[in-house]
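Could you have a look at this structure, given as structure tokens, before my questions?
In order of appearance the chains are A, B, C and D, and numbering begins at 1 in each one.
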Amino acid sequence: MGWSMMLSGHRTWLFKNEPVIVSTGTVGGPFEARGKIPEDFDLLHEDIWLRQDSFEKAQKVLIEEACQKAMEKGGVQIEQVQFFLGGDLINQITPTSFAAKTFEVPYLGLFGACSTSMEGLALSAFIINYGGSTCLMTGASSHNAATEKQFRYPTEYGGQKPPTSQWTVTGAGVALLKDKGDGPKVTSATIGRVIDMGLTDPFNMGGAMAPAAVDTIEVHLKERGIDPSYYDLIVTGDLGHIGREVSLDLLKKHGIKITEEQFQDCGLMIYREGQPVLAGASGAGCSASVVYGHLLNRMKNGEFKRMLVVATGALLSPLTFQQKETIPCIAHAVSIEIGGQKT
Amino acid sequence: MIFFWAFVIGGLICVIGQIMFDVFKLTPAHTLSTLVVIGALLDGFNLYEPLIAFAGAGATIPITSFGNSLVHGAMQEAEQHGLVGVITGMFEVTSSGISAAIIFGLIGAFLFKPKG
Amino acid sequence: MSNNKKKNLTPVQQEYQKFQDEREVKRPVIKNCIKAFFVGGVICIIGQAIQTFFIYNFDFTEQTAGNPTVAVMIFISMLLTGFGVYDRLAQFGGAGSAVPVTGFGNAVISAAIEHRTEGFVLGVGGNMFKLAGSVIMFGVFSAFVIAIVKTILVQWGGL
Amino acid sequence: MKQRIIIFSCIMIIMMVVSGCNNTNNTSEHNKTNITNISYEQKKDVNTSADVENLLMEEKEVHNAIAVSTDKKILIAVEINQMERFRLEDIEKRLKKRIEDQYPKHDVDLSTDKKIFLELEKLKTKMNENNLSKKKIKEELKRIKSLSEELT
């Protein structure tokens, strides 16, 4: 096969060799345990500290456990894993790097804010598709308290959050990919552009990220030359109520026929009504744990066959916010399919 | 009676803060800093003391009274020692609030862990 | 402020912001104000009760009872912060819990507790006034300017 | 976690009860002293203080007044009506002036502070009950006055 055939359009990769998600590992915290999908987590913790002495160390443990679960379920030893691609939101992605130190696997650290999960999956599929590896792991994680501390105020500080703000997930999701095997296949990926619509409110991430998601979805459909109805489910990472509504309306405005039921958001799947999450969930661990846990389980149960995951990320830091910069956003789309071959 | 007015005036000052949060979209730090400056200005025009006389804790508990006390301490010393007093007397009245915050902050750090 | 920013935006950005604004969930300003009024009012009543307690039971006058009252309020704030109640109270009460001196205490104490993992010198010591520092700075500076002006007016202006 | 919440709520309840009790105790005490005041009329030096009290009670801003005097000093505490409290400083000055004009030979001190009011009430009750010596009264007045002069 030629190189040109792999690239469809400007920024969509087609994975003809169909890398397989052999197994996944998802770990959640206490808040997730009381959410809507606790049975889809492999491991849930009652203690937000995970018996560590800092939130950052707790997040490191989240990743380690998710990796271990994925390897356990995939029947793979750590020596067989050739690469680990991952990232998170904390200072210079140290939790992921420290977890990689524990495993001593060749490691690529990624930062795409909350889009890290799909950034990692797209790159992993690419590497495997080109024969760069036969077995690797990719994942993303976030920890509510560590993220609050990093991006907003101390966790115990009394700051009122507006209804547009979102709740960072305490959780990690890791996928183990192989070139051959049973399981859902990664068929294509569209890499996002950084899109900045000039929004500045750090408590309204959904509204800021929606245009990035819309852009990536549109380009993906166009470059693959398919109709939205090709997918049973188009699921965004963590847009929340506002972001989902905005992007749905925006897609309709751009003439893309997409139904309400077909267009879902991970940030609205993880928690129950009544949990104080305001506009929904967010964080790198949100899309990672929901996709690798809940959604792949549903896929394996035959509920649907083709899904497009569009993980969105807001590429801001507390520094840029304080320097009055706007919020640039990105979204990466990866299609995951099971069973019946694509046309 | 003083309890009623403490409730009303204290509540109203908080409403001003809430409007600054929600309508002007200020961060808590911006809002509180502005309120402190407002308190200091009010005392500059001798308007804050009557409010305290009227509403008691309704005026002394909100952060505006911090600005008021700073000016008050500075003015007291200034009356005795001239301009130098402005600096030496600054924390005369407010020292208890700041030292209490530091001491209890440290004790809190010994006793508690954040709950997340 | 927002108008100034709008000028630097491209038409596409402006159009999207309008589009987004229509769909954004607005802050319930009136409801928040009522909640802030009650929470703030109740905190002030508690303050008044403590102050009255000091006046009746110790050698404090209305003038001097303010100091121990503030200290007790900050102590209460420490307990509420430490037990993880204050942030929930604040989500309900908004400015009602932030504006009273307990909110100042909460800002200092929450930062102290949070950064304990970085040690007592660099963590607690260095970050304690991370949030409350600006209040002190602006308070002190404005008080300085006002007191200087007032002193000059009183002493030399014969006011 | 749960344990801590329980402990904490206990502390809160205890604090509330303690402060609540004190308040009620004090109000009852307050009422009592007002009653004893009436039966106090015959003592020496009383005329001055009673006159001062009556004089002040005539003022429309004054809600309640109490005065204790020796031959040289008068120490007065007044309670001002709530709605007039905005002009507390002016009223205080005016009332003081009025008493000073009336008793030019006396050294007049007037306070609107609740604490001074309470202390004077206590002193009056004591004077009423155990017939305090003049020296003792002077000492007490001096102590109360110093209390009112404390600023911070």
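In this text, contacts are C-beta pairs under 8 Å (C-beta built on N, C-alpha and C of every residue); 3 or more make two chains touch, one makes a residue touch a chain.
Keep in mind that what you see is a predicted model, and the values were worked out from it rather than measured.
Novice: By C-alpha centroids, what is the most central chain here?
Specialist: Chain nearest the centroid of all protein C-alpha atoms: C.
Novice: Tell me which has more C-beta contacts between its two chains, B-C or A-B.
Specialist: Comparing B-C with A-B, the pair joined by more C-beta contacts is B-C.
Novice: Report, in whole Å, the distance between the mean C-alpha point of subunit B and the mean C-alpha point of subunit C.
Specialist: 9
Novice: Could you please state the distance in Å, as a whole number, between where the Cα atoms of subunit A are centred and where those of subunit B are centred?
Specialist: Once rounded, the distance between the two centres reads 45 Å.
Novice: Cα centroid separation between subunit A and subunit D, in whole Å?
Specialist: Centre separation, subunit A to subunit D: 70 Å.
Novice: Between subunit B and subunit D, what distance separates the C-alpha centroids? Give it in angstrom.
Specialist: Computed from C-alpha means, the inter-chain centre distance equals 28 Å.
Novice: Which residue numbers or ranges of subunit B touch two or more of the other chains?
Specialist: Subunit B, residues with two or more chain partners: 2, 21-22, 28, 93, 113-116.
Novice: Which residues belonging to subunit C are in contact with no fewer than two other chains?
Specialist: 27, 32, 49-50, 62, 67, 81-84, 93-95, 98, 103, 107, 109-111, 113-114, 131
Novice: Hey, what residues on subunit D touch two or more of the other chains?
Specialist: In subunit D, 151-152 touch at least two other chains.
Novice: If every chain is a node and each touching pair gets an edge, what shape is that graph: line, ring, star, complete or other?
Specialist: other
Novice: Can you name every pair of chains that touch?
Specialist: Pairs of chains that touch one another: A-B, A-C, B-C, B-D, C-D.
Novice: What residues of subunit B sit close enough to touch subunit D in their complex?
Specialist: Against subunit D, the touching part of subunit B is residues 1-2, 5, 49-51, 53-54, 73, 76, 92-93, 115.
Novice: Can you name the residues of subunit A that touch subunit B in the complex?
Specialist: Touch residues, subunit A against subunit B: 48-49, 55, 144-145, 153-156, 159-160, 162, 201.
Novice: For subunit C, which residues count as touching subunit D in their complex?
Specialist: 49-50, 52-53, 55-57, 59-65, 67, 79, 83, 85
Novice: Which residues of subunit C touch subunit B in their complex?
Specialist: These residues of subunit C touch subunit B: 27, 29, 32-33, 36-45, 47-51, 62, 66-71, 73-75, 77-78, 81-84, 93-96, 98-105, 107-114, 116, 120, 124, 128, 131-132, 134-140, 142-144, 146-152, 154-155.
Novice: Which part of subunit B faces subunit A closely enough to touch in the complex?
Specialist: Contact set of subunit B toward subunit A: 21-22, 25, 28, 113-116.
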